[in-house]
Structure formats: C-alpha cells, structure tokens
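Common to both upcoming complexes is chain A, partnered first by chain B, then by chain C.
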Partner chain A sequence: MTTRRELLQFAGGSAMGLLLTPAPWRLITDTALWSENWPGIPRPARGEIRAKFTHCGLCAAGCAVRARCVGEQPVSLSGVAGGLCPFGVAGHHLPYHPERLKQGNRKEAAEAVARAIAASGPERRVAVLDLQPGRTASWTYRRALAAIPHGVYIAPPEPACSLNFAAARMVLSLGAPLLDGFAQPARVFAARPNFRLIQAEAMESRTASAADEWLPVAPGTEAVLGRAAAGVLPVRQAAEMTGLPEGRIAGMIRALRENGPALIVAPQMTPEVLAWNIALGAWGKTVMPRREAPVPKTWSKAAPAVALETVKDGSIGALLIDESVGDGHLPWESIRPKLATDAVVVAFAWTRSGYARHATHVLPAAVYPEALGDVPPAVDGVNAEFRLTVPLIASPDGTIDPAEFVAALAGLDAKDALRERAAAIHATGRGKLCTYADGKVAAVKDLKPEDFWKALSTGAAWTGDAEESGRTPRIAATFAGPSSEHWPFRVAIETACAPALASPLIGKLTQESHLRLAANRAALHPREGFLDGTRAAIETPYGRRIFEVTVDVAVPPGVVLVAGGPEIADIVGADGCARVVRI
Partner chain B sequence: MNKRYGIVIDIDRCTGCGACMLACAVENNVPPLPAANDRRGITWMRVSRIDNGEEYPERRSAFVPMMCQQCGVETPCAHVCPQQAVDVDPATGIVGQMPERCLGCRYCMAACPYHARYFNWWDPSWPAGMEKTLNPDVAPRMRGVVEKCNFCHGRWHRAKERAAAAGEKDIRPGDYLPACVEACPAGAIRFGDLNDPASEVSAARKEPGTFRLLEKLGTDTKVYYHSKRDWVRQIAFAPRPGKENVRG
Partner chain C sequence: MKRNILIVAGLAAGLGAGWAGFPRAIYNSRPQPVDFSHKIHIDKAGAKCEDCHAIREDGSFAGFPTVEQCGACHAAPMGTSAAEKKFIDAYVTPHKEPVWLAYARQPENVYFSHATHVKRAQLKCEVCHGNEGSADHPRPFEQDRVSGYSRDIWGGQGRPGMKMSDCVDCHRRSAVKNATAVGDLSCLDCHK
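Right after this comes the complex of A and B.
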C-alpha cells in the first residue's frame, strides 16, 4: 500500500525532476515573449515604407525635411542637406500632443468679428497680428485688411537684411544663438569651418562653448561691442561698459577689419545692426538685401505692415492673432493696452499655451506637419526662396485655416493663394528648382507651370537668381545709453527658438537628463543667494512669472537663465531687464 | 572580413543641442516617461555638460555625448549576465542586448563602467495617437528589462536587406548610419568600420587628441572621442562625464 510519505516523495521528486526538463524554462521564455507583446504594449504600424519631403514649419529657417513614412504616416524626420534641431527631429509628434487643441466655435467667433467690423471706425480698428510675416498667408492678411474698413496689419519687424555665412571669414555674434537655432543648421554648420566665430555674451551659451573665442561681457552689454566695431563708441568706453580689457576689444575690432569679409550678428537683425555691418564694409559680401519671392500683380493692393508700438492705445476693437506657426511672440502686456475694453480677440492656435490664454475666442489651427503653407525668407537666405510646408498627414476635422478665415471676412477667395504665387514665380522664368528626392536642379524656364507646381507641392524648393546688392543703404550707426538700473538682472533665454509646445520626447532633454532647462525652472549663480529647488519670481516691466530655482555656477552673476517659450516671452522685453525676488 | 563598427565624436564640434538624443528615442521607440527623472529616465544616448572647474569668467564648458561604448574585449556586461542576454556580434562588433532573455537582475548595469545601460521601469506608453509614429523596424520592449544603445541595429538589418535586394554581398559604407550620426547637425559624430583602413573613422581615431573613456580597463571600446582641449581629455579617466554619476 502506498503511504502518504511515498506520495509526498513522489511529488517532491517529480517537482525536482521537472526542473531538469526544458518545460519550466520554456515556460519562462514564452512568458517573457508574451509579456513583450501583450496587448498593453503598442504595436508599430506596418505598411509600405517610402520617403516624403517637406520643409519644417516650426521656425523661419524652414529646413528641408525627409520624412520616412509607413503608408501615409511619418515615423521619423531627418534633414535633407544636414541635421535638424531637436524640435524638428520630433516634429511629427506634434499632432498627437496631449495639449493639442481640436475644438472651437468658428461660427461664434466669425459673428463676433463681423460685429466688430460693423462697429469699426478710425478709433476702433480691426487688426491681424501675424507672428511670422513674409509668408503667402501674410499677403492674404494684408490683402484682406486692405479690403476691410479700418483694417490694420500688425507684424513684428522682419530682419533688416539677409546674411551670407558662406562668404564670411570672421563672425562677431552679439549674443545670437548662431549654432543653436538662429538660422538653418545645415547652412550654418556647412559654412562653420570657413569662419572664425567670436561670441560676445554674458553667459557661456551653447554657441559660446563651441565658438573660437568667447568674450564674457557684462550682462546686457553685448551691443556695445557692435557699436565699438562700427566706430561709433570709443574702445575705452566700450571696455568700461562691458568689463573687457581695452586690448581685447581693440584686437577683436582689428581682426574684424583685417580678416574679412566680416559679419556682425545679433539676435534681432535690426537696422542698427545692419548699420554696424555697413560700417565694416560687409554690404554686398556677407550682408545682403532681404529678398522675397515674387507675388502676383493682382496682390498689389495690400495693407502695409505696422509695428505694434505705433498703434494707438485702446484703438483695436477686434484682434485676430495667427499663432499657428511656431516662432515669434510679442509680450501680451505690450498688446493688451492697444485693445479696447470690450475688444474681441480671436487666437488661431493649436495649443492653449500661447495667446489662447488671453483670447475671447480660440479656434484650432493645423500644426506642422499637417498645415499647408510656405516659409518666410530665412535670415540666412542669400537669394529669394519659395518653400512649401507640404502636409505629411491630414489635419483633424474642425481645424481652421487662419488665412482663409480672414480672407472670408473680406470676401476674398484665398484657397489657391499658394498656387497663384507659384504661377507668378514661374511666369518670371527666373531661378531654379531643386527636388530633394533625386537631388536634381532644374531651371524654371525649362519647366511647365503644372510640373513646377507639382514639384513644389511634393517638397521641392525654388531659389531665385543671384542679384546685385544695389546701392548701400544709408543708415546711421547710433549710440544709445545703458538701460535702467531698477532691473539688476538680465534674462538669458536658453532656447530662443522654443515653440509653444514640443514633442513629449523633449522631456529626454529637460526631465530625463539635465541637458536643457525645463520650462518651469530658472538658473541663477550661487552668489545670488537662492537655494536649489526653492521658488522665485522673475519680475519685468511686462509682468511676473514664478519659477523653481536651479543653482548653476555656469550662469554668471546678474543673469537669470530661463528655458524660453511663449510664457517667458510674455514678460521679457527686448532689453531683457528683470529682477528676481524670493517667494 | 568581419566588420568592427565604431564612432568618433568630436567634442569640440558638439553644441549640446540634443538632436542625437531625440533621434535615438524616435528611432528605437523609446517612450517619453512622465514620471521619469534623471535617475529613472531612459536615454540610450545622453549628452552631458562638463566644465573645466574654474569660476566665471574663466569657466569653459563642453558637451559629451555618451552611449554604450561597445566594449570589444572582456565586455563587462556580457560577462556578468546570467541569462546570456548580452552578446558581442562577431560580424559587426556590436554589443547586442536581447530583452527577451533579460530577467531584469541589473547585474550588467552594475558592471558597466560607463553607466550606459538603462532599466525599463514601466511598460512603454505614448500619448494617444502617438503610437502611430512608432518605427516599424524596432519592437517596443516591455518593462523589467535592461537596454542600451546597439548602434541602431534595426538600421543595420535594413541596410543588409537593401544590399541583398541590390544583389550586393555587403553593405556599402554610408548605407548604414545610426540615427544619432544622421541627426547631428554639427557633424560631430562620425561612424564607420574601424577595420576598414579607408573609412573616415579609421583615420579619425588616429588623429592627435583622440581618446577613449577609461582606456586603462582594457575593454577595447569602439567609441572614440576627440578634443583639442587638455581639460576635456581628462574625462577619459573619470567614471562618467558630467555630474550625473547616478544610475537608473
């Protein structure tokens, strides 16, 4: 008879013996394989792999982009002639951002604007704020506003000139993020081995760390070196203001004059910066007139661009803001005084992070790479260019094209504006067309209009012929005194080209590593007396924002480093003055 | 002849933009992690900021991209793995990681002198809709396993398939590039076969100022760094560049 002991021995022995068979190990492997593919883990889509081409619409650089697509879905983006910035690399994630706007009441907004137009007058105007002027959509706004009574077209100033990095041998950058989003990375880095870069900046930015020479000037005095180089400020005075030795400034000026062609670059290429370049003899060599692609003659009736500062306070009854494109931001506190007390503000946006926070109506717009449009002339485009942001995927139902919305208010049909402009370019017979898929370059005069448009709408780029620079503009280089001492800090923005929202993968740079500052953090030198992780407020003439403090010895005293984006752009003026207070 | 793929990184050209980190995550379906921090984040390619230790204004910085250094001899992670989930491919020299075999003991993370391995703390998840953008050549992996840079092995397979379809025996130079190399706007990262004397990396690794990290360990790594600055070259003797001497 079998005893209980024998039964237990058999069971124990069987269990031990089972371990010596492949069965349990096979089970572990199968479980691991199953857990790798269990329904909770997304599966990549399958389909035909092909390449599509477009231009990045996140900033005015408009880099050429090659998209690897599975069927119609882009799964990765890369540059055509060089690399993209990190925002461009992950640009195809934007349509799926959790904070994406998808709904808005178009009818309600259109009725509110129509009422405002009906009530408009010389003291109560209808305005469009275009954050990226120079596009075909900008022309549509200008044409529409010329037709709307008391319409006014407001745009931030465009660069006063174009820059030719390929021709430069010496570049003096006055705090411009030259190697970190200032211009097309492909063009800048292709030209980089040929020029010596001197970066004048209070803190050692990314550009400063990779420059041939970094001039650590006192915060907010970068422009002083431009004035000294142009000869409108004595070297001695420049040395006192910047804190640099006289000999170092004199050596820099000598190098610029003797080792040219030279180029002075500032974050904003204002007429004053152009004047410094002209004084250096850069006109026609490294600094060129800004050229725009031709437009149809029928577009000649267009409202002129107006600077926000020149608009009378309280005179805007309806403001339509196009922030569907990536860059450009004016502080809200500089816009608000221009509005009437009961003004209608319509924001065309794909996220609530920007002006949508202040608008009375928010309408969802398509985002790159859904939106069809064109890119304005790049700051480093020597010749005129026409580059389309070709949609890689369809925009969701309910998104609104801001240009078509504004055109409809004026009774214009602007649906084919891009095609009309392409036809006007083709009609000139000038320039050449580069198709990225095969790398071929063809003269426009050898192409039929249909082929020209077809190529453009599949990601090709038109470049105008080289033109003479013409007569040197007469712009006086001036000297302005230092700004107020009530604002002891200067705000340094780490990522000048930061869009309103970026791919969630940007957290790899800000959260999962310390490569870039997160949007809620501000970095200060330990000498300022703030503790890591505490909260502080940055106050400027435009407003106040609360940040978490990161203590960083790489930030010089007197500078507060922030990440960038619309929320900080809302409170930082052109001079970057601020004060930091404990909370 | 077997290949020995390697990378040469010019630290003097790197601006620390982070495009390589993003391109790596996009290519290898590494998800964004909402609850992650610098200890738990998964960054197979991580760019660290280093400095010369001086005070402002004498302070100078540089950026060092760090990934698996692809040890060729006495590969520490392969030695300690009880599951044989780590393997050095003799045909390419790439240190491969097989997540299906990994049991998540993390011995390899402890053994790696370069802190280049990352533990998957969570099941991969993407914001709704973003899973459509996943790379079809790379499967998303489950939680509980260790992973690392594998020189974009999916791209190597793709290049092999293309070469076979074209009737060629081998991959032509330039047909296979890891995502970080392709993405770097500054051209700071170069890639190629170290066994091929005609390759760019073969010449670049012999240039003055080129070094490997922790060369004294004798692991024959296949990632080389280059800098003309003496203080930058001191990172060759540090356990890991930058302040992030932490592990996931």
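Right after this comes the complex of A and C.
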C-alpha cells in the first residue's frame, strides 16, 4: 500500500529531476514568446510591395498621392513631386478611426426623407448641404434637387478666383495658413523660393514664423491691410486700426506695387479679396478665373448653389448633409435656425463627431481612401483639372454613397456620373493626361475614351489647356468700415480641420509635440483680466460655449485660443469673431 | 532506505520526462502539403534556389513560389512520381495555392532582409537553411505548442539557430557594423 508520504517523496524527487532538465526553463521562454503574440495583436501585411496612385480627398487641394502597398494594403502615403500635409500623410489610418461609423438604417432614413419631400412646399423645402462643392457628386446633388420639388442646394462659397503662386513675386497673406495646408504643399513650396511672403496675422502661426516678414496686427484687422493695399483705405487709418506703424504699412504697399506681380491671399478668397488683387494689377498674372472641368450637356438642368445665410429661418423640412469628404464646415448653430421644428436631418458621415451628433438619421459613408470620387478645383489650380480619389482599400459593407442616395430620391441614375464626366472631358479633345506611375504626359486627343478612363481610375490627372484670363471682372474694392465692436475677440483654433478628420496618431503626435490645449480650455492674454482656472463663456453670433481659462502671455490680446474640436466648430464662423464673458 | 529509493525513482522519472518526453510533447508535428523534392529539382532540372525563391525588384523576398510559377513547368506531369501527379491534381489544375509551412519565418517584431544577406553579404542559402536544398523529402514542420514558433529557431542538423543571440554572434564574427550604431548593434537595427 503506497502512502501519501511516499507519493510526496516521489513527487519531490520528480520535481528535483525536472529542474535539472530544459523543460521548466523552456516553458518560461515559450510563455514569454507566447505573450508577445497575444491574439489581437495587429500583424503587418505580407506580400508584394507595390505603388498605387490616387488623389487625396481630405481637402480641395487634392494632392497627388503615391501609396506604398503591401499586397493590397496601403501602408504609407507620400506626395507625388512634393510633400503632403500631416493629415494627408496619415490619411490611410482614417478607415480604422475609433469613432468610425459603420452602421445606419438606410430604409428608415429614405422613408423619412420621402415623407418630407411629399410634405414639402415653398415654406418647407428639401435641402442638401454639400461641404465640398465643385465635385461631380455636387453636380449630382444639383441635378437631383432640380428634379425634387422645392429642392435647394446649399454650399459654402467657392473661391472667387484661382491663384497662381508660380507667377507671384510678392505675396501678402492676410491670416491664411499659406504654408500650412491652405493650398497644395507641393505647388506652394515649389514656388516659395520665388516670392517674398508677408504674413499679417495676430498670432505667430506656423506660416507667420516661416514667412519673410510677420506683421503682428490687432486681432481681426488683417483685412484692413488688404483694403489699404488696394487704395480704398488711407494708410493712417489702417495704422490706427491694425496697431502697426504707418511707415511699415506704407513700405509694405510700396513693395507690393513695385516688386510684383503681387498676390493678396485671405483664408476665404471672396470677391472683395479678388477686388484688392485686381486693384494691384494681378488679374491674369497671379489671380485667374476659376476653371472647372467640362460636364456633360445633359447635366445643364441643375439647381444653383445657395448660401446658407440666404435661406429663410425655419424653412427646411429635410436637410441632407454630406460630410463624407471635405474640410468645409459650417457652424451647426448657424444651420439649426434654418430648420423647421420637426425637420428631418440626415448626416452622411464616417465619424460620429461631426453633424452626426445633431442629425435625426446618420448613415455611414465611405472615407478617404475608400471612396471613389473626384476633387473640386483647387484654389491654386491655374487650369481646369479632373482628378479622382481612387480607392486604395474597400469600404466596409453597409456604407452608403451620399450622391447615389440623393439621386435615388429624384429618380436619377448617378452610378456612372464620374465616367460620364470623363467622357465629356475626352469629347472636348483638349488638355493633357499625366500618369504619375511613369511620369508621362499624353494629349487627350491621342487617347481612346476607354484608355482615358482607365488611366484616370488608376490615379492619373487631367489638366485642361491654358486659357486666356479674359476681361478683368468689375468688382468694387469697398471699405465696409471696422468690424462690429460687439465681437472684440477673434477665435484662433489650434488645429483648424474638420472634426475628427485627423488620424488618432496625428492627434497624439500633436498633443505631445505642440502641448496642445485641452478641449475644455481657452487661452487668453493676462491683460484681458481673467484668472487662470476660472470659467468664461465664448459667445459668437451663432452660440455660446463655456471654457476654463488658461492665462498665456504668448496669446496676443484680443485673441482667444482654443483647441479644435466639434464643440467649438459648432459655434465659430469663418471670420472667427467672438466675445469672452466672465461667468 | 525506501525513502531514498522513492526520491531517486522520482528524480529519474523527472529527468526522463524532462529530457526525453518533453521535447516530443512540446512540438506539434505536421507534414508539408506536398512531398516536394528539392534534390530532384536541383539534380535533374538544374534549378537554383533563386529560380523559385526570388528576391523581387524592390528587395523584398518572394518566399514560396506561387502555384502559377510551378504550373509553368508542371502543367502536365514531367516525371512518373505519384507526388508530382498528386500536386498537379490537387493544386496546379484547380489553381489552388498549397499552404506551405515555413520552417524559418522570422517573428513579426523583426526586420530581416534576404536581399541584404544574399546580395550584399554574399551569404549562401545553406549558411542559414542547412541542407534543406538537397533534401529528397521535406521534413515535417514542428511547431512549439506554446510559443507557436518553429523548432528550427533552435538550429540543429547542420543549421544555425535563429534566435537573437545567433544573429548577434554571426554579426560579431563577421564584424558587421550596422548603419545606425558604430561598432555595435542597436535594437532598432533589427527590431520593429
């Protein structure tokens, strides 16, 4: 009979024996190796390394992109013949964004919009808000809304002209982030050695710090220098308003006039900015008419673009917002008054951080680089262009093409709209096609239609022929007087991009390298009289948000610096005017 | 006395289990999907390693040949072996890729460039892969049940190991100086 003591003696001997073998030590090593390969750890793709070409769809600049792919998976993006902005470099992360939307009830949304269309009338309209006008999808919206009773197409204003940086020798930037994503980085930096850059801005932004000269004007008075340069505002008055010495402004104006061709750039290239440029003799040299790629003749029946401000309050019964692409953003608080009390709001979004927070129905849309589309004319495109955002990866099941959704409401078939437009461009026989893979440029008239489309759909770009600028437009350069004193502050946003457009990795890098403000804080100069840690309200013409104050001597008086984010995007307009109130 | 016998017996059992039983139990042995003979391809067809295991133009290693490459010669049987016929019927004709089991795959946290070792350092394949290229039948693939790694990382049968210490030893013996560290190795030379 074996006793328990004998078993323990045997087991003790076995344990000692095992310690003299590789078994326990190997198990320790193996367990450590196993822990390096937990299930769920991402595995890098394996496969052939290839280059694919597309155009960045994150903003209207539409930079040409070379994607390094392992197998079918894009692993890094770089610019073709130049750089990409930080957002573009990390664009291939967006499909995996933690706030990515993948589900939505299409049927329910379609029924709600159909009911709204049936109930529509002159005082209860059906609208599409297109945040990136000028695309083929925008044409689809306009065609659909022309067919839908009481349809209205709302879009932010497009630039009044195109800019030719290559021809400029003097550039006055009135707060535009010229070296920081305003236009195609490749084009701007290629032309940069040839022009002198004067940056007028209250904050020492990245563009200001890299400019040849920084004019630290009083917040919100950048446009004053444009008016002074155009000769519609006396230099003395401009000096009083901007806080700059009279001689410095006079010297700047003299340099613009004598060392041209000159170019005045503002964040929004409005007709007034065009008028200042015309006054400097820039028409046909550094500012040109805005060209658009040809469209099929059958698309002529299209609703006109309408500015949001002109829409009557409470008159929209159904609003469809396309925020699947683009950096354009209108404050939600400027949209909300236009809606009827029981309005249906459908947001086509890839993230829940934008208008999806306010919509009654949210439908998931593909995001760059999943979506096939085209890029609107770039602000620095001298000739007409047609560039496709060629998908690099497949969009998840269930994503909805906003243009097809809207077209279906009007009974239009818009599935082949891009191809139809390419055919219309080819039919003109004008322009050139550049294929980035081999760097070749071919005349369109030498290409067959199917070869033209095939090249476009693999990342080639069409550029129209150079055209005469035509007669100089007659736009009066006026002086509207100083801006309202109700809004003595200007809001400066640290990361000026649409909500959640950035890869989380970029956000992390920005936070670590730029010591970014927290989303609930606003920085003010000590002279404003706020104490650190107290609460204050930022009020704008559109709404009010409460922040905690950070006192920072690096922020100029009259500026309130906030981090970018959906909350602030809801209330801040393009002019950034605001007031800060103690609470 | 009896107590000592039991302890010694336990010790012997432990040693036996650790030295003889454990190495067998820890590995899961699986045959390759195809009874492929490197020897026939080298001796009879005069093939070289790089004919099938090519380095692409971009410097990446293509690894196993695709069934399309095999089919270039083996669309129909070239010999009389049953293994070849079975391979053609099971893979070439239906265009199905065999799931080869890689003896020498590096873990995901390591950069390893075949191009650097073969083209720049002029190393022969046998230096790391032993006599695999002249084998008449493929060895079974033995995978560690816990770590998931191939048994080949430990070396043996004429092959060096593939552990980090083996890489470092070889680099030191060959006086390889890596680009990012003068005279010595840096972690990020090899690790992701």
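We adopt the following convention: the second predicted complex is superposed on the first by the 492 of 583 C-alpha atoms of A that agree within 3 Å, B and C clash if a C-alpha of one lies under 4 Å from a C-alpha of the other, contacts with A are read in each partner's own complex, and residues count from 1 in each chain.
Here is the rule we use: contacts are C-beta pairs under 8 Å (C-beta built on N, C-alpha and C of every residue); 3 or more make two chains touch, one makes a residue touch a chain.
Only a predicted model underlies this, so the values are computations on that prediction, with no experimental measurement involved.
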Of chain B and chain C, the chain that contacts the larger number of chain A residues: B
First (chain B), second (chain C), both or neither touched by A:D180: first
First (chain B), second (chain C), both or neither touched by A:Q73: first
Which of chain B and chain C A:S14 touches, first, second, both or neither: second
Touched partner set for A:I49, first chain B, second chain C, both or neither: both
Which of chain B and chain C A:T29 touches, first, second, both or neither: both
Which superposed partner A:S457 touches (first chain B, second chain C, both, neither): neither
Touching both chain B and chain C, residues of chain A: 29, 33, 36-37, 41, 43-44, 49
Residue ranges of chain B in contact with chain A within the complex: 12-19, 21-23, 25-27, 29-30, 32-34, 36-38, 40-43, 46-49, 51, 55-57, 59-63, 99-101, 103, 123-136, 138-142, 144, 179, 182-187, 242-244
Chain A-touching residues of chain C, taken from the complex the two chains share: 2-3, 6-19, 22-23, 26, 56, 58, 60, 62, 107-109, 144, 146-149, 192
Chain A residues within the chain B interface of the complex: 29, 32-33, 35-38, 40-47, 49, 70, 73-79, 82-86, 88-90, 92-93, 95-98, 179-180, 185-186, 189, 192, 204, 206-207, 209-210, 214, 216, 503-509, 511-516, 525, 553-554, 556-557
Footprint of chain C on chain A - complex, ascending: 6, 9-24, 26-27, 29-31, 33-34, 36-37, 41, 43-44, 48-49
